[in-house]
Amino acid sequence: MLNNFPLWPEQASTMAHRVDALYIFLLIVAGLMALLVCTLIIYFAARYRRRPGIRAEQIEGSNALEITWSVIPFLVFMVIFAWGAVVYFKERTPPADATEVYVVAKQWMWKVEHAEGQREINELHVPVGRDVKLIMTSQDVIHSFFIPAFRIKQDVLPGRYTVEWFHATKPGTYHLFCAEYCGTQHSGMVGSIVVLEPAQYEAWINGGPNGPLSATGEKIFAELGCSTCHRSDVQGRGPNLEGVFGKPVQLEDGRTVTADENYLRECILDPGSKRVKGFQPIMPTFQGLVNEEQVNALVAYIKSISTLKSAPSSRTTARAASASDANEQAATHTNRSQVQQ
Amino acid sequence: MSMPNVVPQQRFERENYLNQEYGIWSWLLTTDHKRIALLYLVSITFFFFIGGFFALLIRLELLTPAGDLVQADTYNKLFTMHGMVMIFFFLIPSIPAVLGNFLVPMMIGAKDLAFPRINLLSWYLYIIGGTIMLHCMMTGGVDTGWTFYVPFSSNYTNTKFVEAGIAIFIAGFSSILTGLNFVVTIHRMRAPGMTWSRLPLFIWAHYATSIIQLLGTPVIAITIVLVACERALHLGIFDPRLGGDPLLFQHLFWFYSHPAVYIMILPSMGVVTEIIPCFSRKRIFGYSFVALSSIAIAVFGFLVWAHHMFVAGMSVYAGLVFSFLSYAVAVPSAIKVFNWTATLYKGSIRYDAPMLYAFGFLGLFTIGGLTGLFLAALGINVHVTDTYFVVAHFHYIMVGGAVMGYLGGIHFWWPKISGKLYPEGWARLAALIVFLGFNLTFFPQFILGYMGMPRRYWDYSHMPEFQVLNVLSTAGATILGVGYLLPMVYLLWSMRYGKPASDNPWNAAGLEWKTASPPPTLNFEEQPVVTWEAYNYAELDAPPRMQEVPVG
Amino acid sequence: MAETVMGLHQEELQHPELLHHFAEPEQQRNAASLGMWVFLGTEIMFFGGMFCAYLLYRHWYFGDFGAASNSIDATLGAVNTAVLICSSLTVVLAVWSAQTARRALLLAMLSATMLFGLAFLGIKGYEYYQKFEEHHVPGPSFSFENVRIPRHPGEYANPRHAQIYFSLYFLMTGIHALHMVVGLGIFSWLLLMAWKGRFTPTYHTPVEIGGLYWHFVDIIWIFLFPLLYLIDRHP
């Protein structure tokens, strides 16, 4: 039994090292503070235990001491705060050229779609040494995508995309947990993250029967008749979607938004709410007509026809890769292990 | 004002609040704050053991990785009902409604709370809420988790969420009315000479607690109304399919439920602040800092709610602000711990049972508070939130801290409440067992959490490596269970067989000790006038010649 | 303070309404009024949750909320606002007549307040009836198709988002109306007590704190009226 009784979770991503460093620092700081308080309490309790004839010495208090033990802890707290914030910003900022994987959560399983078309359930195959960005949504309730060995977790919400990313450093199989309580089989919503060597990964990712996700999206795009209005050759009744991803979009009501995954999703499901300037509100809603996987495919397709190279944006969820799917595929055939920081 | 006509024959037969009237109606229709406190004591003890029973079943299920003791649905109901019962029907009313009810008027020299009938009403609301909760449990229960996140609670669960919601809603109003009574009583009913700077710190802690009860509880009430309407009518306010925002729910929920933690811990801090000076025979170190830190905790406590939502899909900048504020709220708690420690310095310390509980509180609260620093650190929070790390952390605060303080307070004031002394040896043993059992139960959970075990898991057969720590935890829970049963046994025993207590067995400061044990119905034979500062242990311990004029 | 302690028995004889645990009538009065103020503080937080939800969705679904708001009869809302403001005046007059021992006026003003309250509820009920007829009550038969968004030609409100507006409309006005009903209960009791002649210039705390409650319910409406009825009206 003790053989599988580790006291420290495996470190298998770049984030694991960052989080563990801060955690160890905190263990030391908290340990010292606890030691200080406990030593004082035990020492005082023993040294000043009641003895006949000796009375307590009354002390009112001391402003100097009060300020000392308010300010010093506060300064220590600020160091922890700043360090924690730095790690958090890293965690929440996916690199621009990360490999993208779509995740759909439902009671009680994880459905994964790779851009190359591979689909998996409760498993996620990723290459070692490459940034991977997960674009996640839920079909029903709130779930949470948690990989302890990578030290990352992100709630997965219905009705919108949330994003998390990692950079695996060690091949192997790791736990995937749902960390947000989601009903009866919450504890059954577990799976594995399989980190493969690049060569193995290439073999795996190209071994599937499906075409790329964007191709599926292109098919749906045609089937739903989207292309009758959203035309790339002539000015259609809807905006030309080529190259739109990652760019700022001027809206009818005067606002400007960045065309990120969440915006595209919203436009498909609720076209009226953020209409592009200069177009009539004629697009019907596709709420209920397309499922989450199909929305993902459509988003992947629209991204693939974007020719924009870089997409600066203020929102973290919008920090999406702008490389086209074609680029993505080309890149998978070259070794990108040096691309990482 | 009417003096008792009976000539006191023996000391313990004096007329007091317990023997003034007999019969069931003299209790059920009483407006005496002391009797209402006892009504609360009985009812929250009942709910404590129900909640504890659920906890024991949860721990037994987790003894083995496979889900083999109960069904998944049953397990989910167990932890939900454990949370709801323990939080809304035990911890929130525990110290305020029992010790606070009993002591707030006595400590400030009042005859009763400002609104005695509202006080009784609040107990009835609690009982109505509790009865609905019991009915809900016995007819199927709820499986939403006590946090009842939407859209699971509003659209997906098939269990009786609305009924549980109604129970919590009603119990919430009981809590609001208690807080209202305390605020008005502390403002308006203080005895002549009882200035704000002479108030016992127990009162300051209860004042801060009441503010939270008053301003926080209505928000959870309206949140429950919204979820119930959403569930019944599919309005769309929280349903993303209809355009609603599930995160709005989380904001509203935690706006109450984070400060609610301070409703549980602040009164406990107040209790400890009474016990430590008494058994060190010293004035509290830094009175005004301890008093104001309670208020600071109440105020800052309202500004940190979204630190429960760092991975919920909130903006990173919001995360930054809430992390910063969470560290700000840690400072007043640290101030308190340091002041308690400094109070021991050069004291004359006795290790009676209440003091042992206070020491236990200090140790457990320090660990709970320090692990809070881990959780407030954004980078670490992402990894440990929704794991057993969080479970361990909040149990250290809400059980280690709050229940330790509650038990310490019950022991400290038991002679006043019952007029009897409890067996000291047993009480010390129980304090030791609770402390050891608690640490054995919950310390392994910190490690489990950092290892990555998510909370609310019924079955962990995919990760058998978590078993050893879970076995330790379950073993600790059995010890803890014994530790909690013991006081109930010997305290009940002492009511009948215990030695009669003197008016002030600890020679403690405070107005409540200047009246009889048990106190008369109107608390004091005559209106006390306060001319001394709080914690005047120097005067109490002064050699007798200074206290009494020798009779010639 | 010390003097009042000594003169306690005398006080008790003079003030039969003085409860046993208060030292003097002023303490009792202060406690009661502080209690009501504190309670109103909790009420603000209670409504606050709904105002938060309103602000969020008004920001998200700006046009839809405008369109939905315009479908409500603002004239009825305005009349109701006037009714409530008048009722606040009668409450103030009731407190004044209690203070100055004008029993007949007190009875009249309490009754007038209640009549205004009933009128408010009647008008509100009629509004609800209208909404019901128009299928604007959230639920399975809710319908808000083809309603134009004001000042955005060619745009139509999203029925799902309008439904959120109507949900908030019914919840906020419904809970407000519930408070009115409670207020009517309190005023019935005050009327009974006034009729029995319980209120004197030295003891009229119930009228005062009942009045505080009534004013509070009015003030909530003063916020509800513009937020629900007036957000997108233009000349």
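Every chain is named by a letter (A, B and C) in the order it is written, and numbering of its residues begins at 1.
To be clear about the criterion, a residue touches a chain if its C-beta (ideal position, glycine included) is under 8 Å from a C-beta of that chain, and two chains touch if they have at least 3 such contacts.
None of the values given here were measured: they were computed from a predicted structure.
Engineer: Using the stated contact rule, I'd like to know whether A-B or A-C comes out ahead in C-beta pair count.
Structural biologist: Higher contact count goes to A-B.
Engineer: For chain C, which other chain has the most distant CA centre?
Structural biologist: A
Engineer: Taking each chain's centre as its mean C-alpha position, how far apart are chain A and chain B in Å?
Structural biologist: 37
Engineer: Just give me the whole-number Å value for how far the CA centre of chain A lies from that of chain C.
Structural biologist: 46
Engineer: List, in ascending order, every residue of chain C touching at least 2 other chains.
Structural biologist: Only 61, 158, 161 qualify.
Engineer: Pull out every residue in chain A that's touching 2 or more other chains.
Structural biologist: 270
Engineer: Find every residue in chain B that makes contact with two or more other chains and list them.
Structural biologist: Correct list: 243.
Engineer: Touching chain B in the complex: which residues of chain A?
Structural biologist: Those residues of chain A that touch chain B are 1-2, 4-9, 18-19, 22-23, 26, 29-30, 33-34, 37-38, 40-41, 44-45, 48-51, 54-62, 65-66, 69-70, 73-74, 77-78, 80-81, 83-92, 107, 140-142, 144, 146, 148-149, 151-155, 157-160, 162, 175, 177-188, 190, 270, 287, 316.
Engineer: Would you mind writing out the residues of chain B in touch with chain A in their complex?
Structural biologist: Result: residues 67, 72-73, 76, 143, 145, 147, 149, 151-152, 155-157, 240-241, 243, 246-247, 280-283, 285-289, 310-313, 315-316, 319-320, 323-324, 327-328, 330-331, 334-335, 337-339, 341-342, 344-351, 359, 362-363, 366-367, 370-371, 373-374, 376-383, 385-387, 447, 450-452, 454-460, 462-465, 467-468, 537-538, 541 of chain B touch chain A.
Engineer: Once bound in the complex, which stretches of chain B touch chain C?
Structural biologist: So the residues of chain B in touch with chain C come to 1, 110-116, 118, 176, 180-181, 183-185, 187-189, 192, 214-219, 221-223, 225-226, 229, 233-237, 242-245, 248, 251-252, 522, 527, 529.
Engineer: Write out the stretch or stretches of chain A touching chain C in their complex.
Structural biologist: 252-253, 270, 272-273, 275, 280-281
Engineer: In the complex formed with chain A, which residues of chain C make contact?
Structural biologist: 61-63, 152, 154-156, 158, 161
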